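Multiple structures follow.
Here come two complexes built around subunit A, the first alongside subunit B, the second alongside subunit C.
Our next item is the complex of A and B:
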């Protein structure tokens, strides 16, 4: 093996790292500077520590025409958590039913869930809106997350995991007199821990990053997620408070990036095993 | 594949599967059915009246040059985003697969953008490439290049392609790297001993073994570019200037939500649904063994 450092590899990888990090660094540095300077194009690449109080101000008061950032962060967090936990819960339950029981129309139930794998939200925007209106879910927090938790992908994933649980384990549990719900709680959920963790990361990010859906069903500014709020802020034509926009962007990025980085090991394994 | 051992009873499993079925019914099948129905109706200009018009909405769309333009634009856009995002990711994955110092740090630093929302990637790239506040954007203009994606349609298209691809590289990187790591060392070592040089080895060993991953990613990237980029494009250009960056999803949104033309918008939704179903079917046809257990 050669001992010489592989300069080409380092160069290519470092270039990739910079490609991703540069915009974030710009935003981070800009968030601590004066908006007038940014508008003039005098953005310095070195953050000014004196600008840090802006974060507190944006967090508690927000900027012109927008909700305070803490409120938008709260909506986004609640929405992402409800979507992730909701999807995981109902997918575990339905996959458990399909794998561990024989009931009438089992195959039909499975297939009717499976087929929806092919229908992203974006292709059924308008009709879903009219269904939502009939349920009175427009401009409600429930409307933000409940319709998004049906999941063919998660059901399929858990089905794969459950099918692989050895028959001996089920027989042993039945011999011990454990009912199906105890078996689910004491055996099935613990052995699926790694898959649940991986799926949680994927779904939390999915929930946090929703844009079209909240744009459609929640026009009330008090339900603005951080992503919606941020896009609204850059949409103002003149006099944009760029430093505030940048501080908001940093705070919008932090939670999902933290979840991905901290749970990277489970997340990467789960993503590539389950395929999507 | 089915289990041998199962629990008895039918009431409990039905209750367990019910929440998923109800949600699927209310928020997938009902809207999908309504889309198909609305696509064959037309609303009178002022009244409540809804007429059944059969295939008229579809015929109108397929004869509408604006719709066809948007369709062609979407195909070009999706192709460009997929090629750019997959090419960059493959290059990075090949190097990240090598034994270098700090490779775990490199991986983390290349994976984190997975967490960035499509709409957020628009905001981030704006600060790099906006002609007035962006670092590179201003520099390009100082260098005498007339760069303003708010006014120039081609530049706008380039801008939304870059912003959309930027965000997707990480996802592809994760899959390419996993694919590369699953190639047995023995295979590459054998090729090395046979004297196959770097590029030749890559072309004859790595590329064929990565083919299933590549195909899977191609479908995922096309679907991503067609649908998930709504946020990116809407935040950057709103489909403009003019309609130069208006993809099919933006058009559905504009016609349905903004202009309230329910019939035409539903017909467009139905066409998009057929497109997704076709793509998914192709994927299952060729990758069936990998995705189905």
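Our next item is the complex of A and C:
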């Protein structure tokens, strides 16, 4: 290691930090100032303490044309949670089947899952909508997350994790008398804990950021997610309440950040103390 | 009280015939060691007995009951794996208790059995640790403990000591033997290590390419190897082989290298001039006897003894190893004599041992 400080490296790093952090800071500062000042372009880099009560107001009452932010946060959190947990459950089960069981057409099943990687939500959105409509799930909370929980990516990831579980461990469990479900619950899931945590973070953020599907499937404002709400608040006319939008944006950032911070501690610990 | 019987066991993976024909029977409390080169099908044999694989043909009987089609968990067999296969997220206690919990034993019974096994194995202080906090030897003990608490009818060991360092291996070897005697549980022990093969078992099965090459007590295998493969596999350094032909109406063999050696244990049947392979262990060659001249290639002093690597002066002669006590004479060629009473005679065509009169 070079002990001498490398000024160029630090300069590049600092530039990178500013590049990423400045917009977020601007939103934070803007959320405490007057909307008129923002529209005029007089955005100050210093947050005004006097603007803080706006957060409470937006959170509990919302602004013109939108639900209260707390409600949208709740919908988003519930949706992201359901998507993340649903994806994890389904992909653990399908990866488990593909890795540990010999059944006819196993290869075909695996490749069919693999192929769906090439079909993102956007491509199959019309048929998905039609199926959901036939089930009567338009404008329901269930309709918001159920079509999003199949995940080829997560299945492939878990397949890799499971394939790395030593055969001897599987055999030891069989000799100990563990049946398939018990083996899954007692051995496979705990051993893959760190991976599950890491994936949960990624999938939660993915679910949180969903826009197109919620926009289509739920027109009822009481099902608005925070992302939809933000877009609605900006609207098309010129008298957008920018300060309120920015305050909402700041609050929309917090749950994913909290999940990342909390889970990161957990899965990093899991990774470092785990065996290989 | 358990006997194990294997009848006509065969296993094929796709096109490769891994086990050709295994017939074996273990008496109650016996420890049978299976030895053979890597890839000869030892693990496959154990896995068939354990129920982790199904045989292509043949039956496995435990205590007279046909268990060939039973699930591993229903067989009352415990196995110690080469890489221990401990559950990484369980404590030592839970590793041992897991199988008992699944079998629905009471908490008190589990506690009693695990405590007893832990005391026997010196694991008493480690019960709350995770496997990664243990040394290799301790992990090995936990793996043994997991098998012991099950109180099975049969133990299977698949090269359980091969991941330990030499010193620990010696120690654990003795310990496994002591435990097995004390518990009196019928055992199959697989190894590729000669010393384990010689010391651990009541009987020894030498396997070669999926077939049993010889089944006998370790000393019998060492003193009367059934064929050249067994002869070269058991004993270190390996036996020397010299080409010869039968002469003097079966009473002696003439080495291609010159001298004629009379058999001390009686004549061999067979036509005059029949092709033989003579086997002689490195320790049964005497330096200073002018029977053979050996070119010295390399001298390896081992402290209390010395290995001399050399070859006969004829072109294309196979290498020879001579083991002498103390130091070796420093010269380029030495005179070496064969101790005729230790000679092994094999049919060169078939590789099979030729006993006196046969």
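In the analysis below, the second predicted complex is superposed on the first by the 253 of 276 C-alpha atoms of A that agree within 3 Å, B and C clash if a C-alpha of one lies under 4 Å from a C-alpha of the other, contacts with A are read in each partner's own complex, and residues count from 1 in each chain.
Please note the rule applied: a residue touches a chain if its C-beta (ideal position, glycine included) is under 8 Å from a C-beta of that chain, and two chains touch if they have at least 3 such contacts.
All values reported here derive from a predicted model rather than from experimental measurement.
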**Report entry** Fit or clash - subunit C, subunit B, common subunit A
**Finding:** fit
Report task. Look at the residues of subunit A and decide whether subunit B or subunit C touches more of them. Result -> B
Query raised in the report: Which holds for A:155: it touches subunit B only (first), subunit C only (second), both, or neither?
Result: first
Query raised in the report: Given Cα centres, how many degrees, to the nearest 10, is the angle at subunit A formed with subunit B and subunit C?
Result: 90
Requested in this report: Examine A:176 and indicate which partner it touches, taking first as subunit B and second as subunit C; both and neither are also allowed.
Outcome: second
Query raised in the report: Who does A:187 touch here: subunit B (first), subunit C (second), both, or neither?
Result: second
Query raised in the report: Which of the two partners, first being subunit B and second being subunit C, lies in contact with A:24: first, second, both, or neither?
Result: first
Query raised in the report: Between subunit B (first) and subunit C (second), which, if any, makes contact with A:231: first, second, both or neither?
Result: first
Report task. Scan A:211 for contacts with subunit B and subunit C and give back first, second, both or neither. Result -> first
Report summary line: Shortest distance over all C-alpha pairs of subunit B and subunit C after overlay on A, integer Å, is 6
Query raised in the report: Which residues of subunit A are in contact with subunit B in one complex and with subunit C in the other?
Result: 171, 174, 275
Query raised in the report: For subunit B, which residues are in contact with subunit A within the complex?
Result: 1-10, 12-14, 16-17, 19-21, 23-24, 26-35, 38, 88, 91-92, 95-96, 98, 100-101, 103, 106, 108-120, 122-128, 132-133, 135, 138, 166, 169-170, 174-175, 178, 216, 220, 223, 227-228, 230-231, 234-235, 249, 252-253, 256-257, 262, 265-266, 269, 272-273, 276-277, 280, 290-291, 293
Report task. Provide the residue numbers of subunit A that touch subunit C in the complex, in ascending order. Result -> 166, 168-169, 171-178, 182, 186-187, 190-191, 193, 273-275
**Report entry** Of all residues in subunit C, those that touch subunit A in their complex
**Finding:** 47, 50, 52, 71-73, 77-79, 81-89, 98-99, 102-103, 131-132, 146
Query - Contact set on subunit A toward subunit B in their complex - result: 5-6, 8-10, 12-13, 16-17, 19-24, 26-27, 30, 38-39, 41, 43, 90-91, 93-94, 96-104, 106, 109, 112-113, 116-120, 122-131, 135, 146-147, 149-152, 155, 159-160, 163, 167, 170-171, 174, 179-181, 183, 205, 208-212, 216, 227, 230-231, 234-235, 242, 245-246, 249, 252-253, 256-257, 259-261, 264, 268, 271-272, 275-276
